[in-house]
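What follows is a group of structures, each given as structure tokens.
Two complexes come next, and they have one chain in common, chain A, joined by chain B in the first and chain C in the second.
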Partner chain A sequence: MNDIIRELLSKHGGLPVAVDQIADTADLYDAGLSSFASVQLMLALEDEFDIEFPEAYLNRKTFSSIAAIAEALADITKDRQVA
Partner chain B sequence: MSAPATFLDKLFDQGLLYDSGVDGLYGRSAVFEDVISRFEQLALNLGKDEISEAMVFPPGMPVPDFKTSGYMKNFPQLAGTVHSFCGNDHDHMGLIQCMAAGEDWTANQKITDIALTPAACYPLYPILARRGKLPEEGAYVALQSYCFRHEPSKEPTRMQMFRQREYVRVGTQEQTIAFRETWKQRGVEIMELLQLPHEVDVANDPFFGRAGRMMGVSQREQELKFEMLVPVNDGAGPTACMSFNYHMDNFGKAWGITLADGTPAHTACVGFGLERLALALFRHHGLDTAQWPEGVRKALWG
Partner chain C sequence: MNASAQVAALDLAERASRAAKVAAEFADRVDAEGRFPVEGMNAIKAERLMGVMIRPELGGEAATVTHIADVCAILGQSCAATAMTYAMHQIQIASLADYAVGSAWHEAFLKRICDEQLLVASATSEAGIGGNLRNSLCAIEVEGATARLTKDATVISYGAAADAIMVTSRRNAEAAHSDQVATLFLKEQYTLEQTSVWDTLGMRGTCSDGYIFRGECPAEQILPRPFAEIAAQSMLAVSHLLWGALWYGIAADAVAKSQAFVRAAARKSPGQVPPGALRLAEASNLLQQVKANVVAGLKQFEAAKGDGDALNAMSFSVAMNNIKVGTSQMILVIINHCMLICGIAAYKNGTPYSLGRHLRDAHSAQLMISNDRILGNTSTMLLVNKQDTSLLG
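Now for the complex of A and B:
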């Protein structure tokens, strides 16, 4: 999953550094992710995984690192399987 | 039985505002304008020793600069662009016929070079960018503009065409953050002088759509926007009469405004909603300015 996140981050994140230079737990905002780019990334993730981020996930923390995004996606898709 | 008169009805009845038939588009009386100009003088006096220059803008700005601002990314629902007839003689005949028949007559209305200014400070940034690198002390500008936002409403505080008076600070992160803190305090002092109930609270702009919700949450988490809230409308929540905004280096980057060392400038602004402040005064002190409390009259008229 992290590879897909990296690919979308590379495409939509507008980061000044190469995505493969960023550790899974590194802070993406420190790396240069803007609020608007994080929204673009969110929409791309929704398309890719055919999900909709619930309101509780629409905050900076959710998109603060590759690991945080992966965790959010795992939570959301798990909820979907239960439902 | 007719519904009780709203605050807007009373403003019309008193002759303070003139109805146009379009919600949020009103004429202003001389009395209303006098209150606004007195408030502007009060606000201008507070910053007169600090500013580097003062400007007043028309209600329109160049479309390329409007695009650069990113407004269409975040608030497409509020934006307005100016269109004019760009057809030939034949098209003109069609236009007249369509209008007479009550049909769509806008086919040959094409966008001009002008967008309606959505926020008073936007026309400033390209002017600063064209001057090249900022001096060490940065820029500190007093400005005013009519603004447009497409949000028709029966609440008089939500006009579609209204004025913002602003102070804008452009410089380093430290300069802009200190500026915003100073003006948050001065905003409270102004409200106390004017004897208006008020509260400063963190806020977010009305970003469009679901994605916008995340922009709004992010803006709050970073405390980029504070508002001076005053209860004004019938039964509705309080109205933001001032806002204190820190844009980080977003506008510096967007327009290419650079500090002496070549890095993008940070920007901050304090905005006064002039019609909203006048309406707050009329709401709390009555529709007859001669009857306003002595202290308020002194603050405004000296």
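Now for the complex of A and C:
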């Protein structure tokens, strides 16, 4: 999962540094992720995983790190399997 | 609201009204001369209104943003420059009071604000960045225990009159543009080299000149929380709410003037409905929309306060952005209606119905963080955030 996130992040994140230099837990906003880029990344993730981020996930925290994104995706796809 | 909070709110409104009376007396002169509203601000200090939002342990009265919005609306009806100065100061206080908890230096400074009724300015805008609050070019340099910062600040309201300035910058020279901190510099810790003169259409008394800011202070004066968090959870929302409240005040005063005009006309020709009456009804309708917009926003903010998730939610940002854009556009329509009602008496300066100052001051609202910029941000969020279509949610 983290590899896919990294790939989409490098495509849509518009970060000034290479994605492979960013640790899973590093703060993406500190690394230069803009709110515009975070929305582009969100759209790409929705497309890739065929999901929609529920309202409760649409906040800064969800996109604060690669690990946080992975955790959110795991939650959302888990809910889907249950439903 | 419990009984004691209600008493405090009433008391605040009363104190604000007394200060507003003084500010009103000097509003035209402040505007004409483009000078700092010293009489109004001194009256506000005399009413001990500068630190009311601060915790009582530090000398404040624990007033809420809603209380402060009420004060801003009252001041906005008398002198918009005084109201904006007060609002901008309180926006800084809101950030300091909530995002420097436990920082000994900042808490001591908050106490000083209450004791000495100090005025805090803000330098976020920067040459090459414009009104994009969440980006900085300049970087603070920390060497041992000392922090140094130079910023080409294009607009610092009442910069020359302030006792301290909160300045945003990148965290260090290597940090990304959005990796920002805010630092509170005291007057004796900086110099301001003036680069532009605030000779503007309106809001002239805010004296928002441009400066090269050069400051040096102990590094402990950097706010402990990242500016990203302060902006998202406090500064943007509080700005839009307090500005919205004072803009409401400007429009409310224009409507009050045009109502007086219509009533005078009605008394002169009994039995006839004056020609402006219908338009007045329209203006009153629009004014109510502005009020409802601000009040609903205040309720939403107070409900979310202290809840990081609620404050960080996209739907919350969309709502606050909408308040800013909506109120700033609507007040212009309202004041224009009032101008049509009162006619030449409104267009002319120095009549009881003059609205030139109101109209000019109100025109700053759409530019004060450009509405286009804000709409751009909202439109990005709406790509993923589904609009809440419930009436009460």
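In the analysis below, the second predicted complex is superposed on the first by the 83 of 83 C-alpha atoms of A that agree within 3 Å, B and C clash if a C-alpha of one lies under 4 Å from a C-alpha of the other, contacts with A are read in each partner's own complex, and residues count from 1 in each chain.
Convention: contacts are C-beta pairs under 8 Å (C-beta built on N, C-alpha and C of every residue); 3 or more make two chains touch, one makes a residue touch a chain.
Because the structure is predicted, anything quoted here is derived from the model rather than measured.
Undergrad: Look at where chain B and chain C land on chain A after superposing the complexes, then choose clash or fit.
TA: Clash: chain B and chain C overlap once superposed on chain A.
Undergrad: Please name the chain, chain B or chain C, that touches the greater number of residues in chain A.
TA: C
Undergrad: Figure out whether A:Thr77 sits in contact with chain B (first) or chain C (second), or with both, or with neither.
TA: neither
Undergrad: In the superposed arrangement, which partner chain does A:Pro16 touch: chain B (first), chain C (second), both, or neither?
TA: second
Undergrad: For A:Asn2, decide between first (touching chain B), second (touching chain C), both and neither.
TA: neither
Undergrad: Pick one for A:Phe36: touches chain B only (first), chain C only (second), both, or neither.
TA: The answer is both, since A:Phe36 touches chain B and chain C.
Undergrad: Regarding the shared-chain residue A:Thr25, is it in contact with chain B (first), chain C (second), both, or neither?
TA: A:Thr25 sits against neither chain B nor chain C.
Undergrad: Which partner chains sit in contact with A:Glu55 here, chain B, chain C, both or neither? Use first/second/both/neither.
TA: Both partners.
Undergrad: Which residues of chain A are in contact with chain B in one complex and with chain C in the other?
TA: Residues common to the chain A contacts of chain C and of chain B are 34-36, 39, 42-43, 55, 58-60, listed in rising order.
Undergrad: If we count contacts the way the header does, which residues on chain C are in touch with chain A in the complex?
TA: Interface residues on chain C, with respect to chain A: 134, 171, 175-179, 226, 228-229, 232, 308-309, 312-315, 377, 380-381, 383-386, 388.
Undergrad: Which residues, counting only chain A, touch chain C once they are in their complex?
TA: Contacts found on chain A: 15-16, 29-36, 39, 42-43, 46, 53, 55-56, 58-61.
Undergrad: State the interface residues of chain A toward chain B in the complex, per the touch definition above.
TA: 34-36, 38-39, 42-43, 55, 58-60
Undergrad: Touching residues of chain B toward chain A in the complex: what are they?
TA: 70, 73-74, 210-215, 217-219, 221-222, 250
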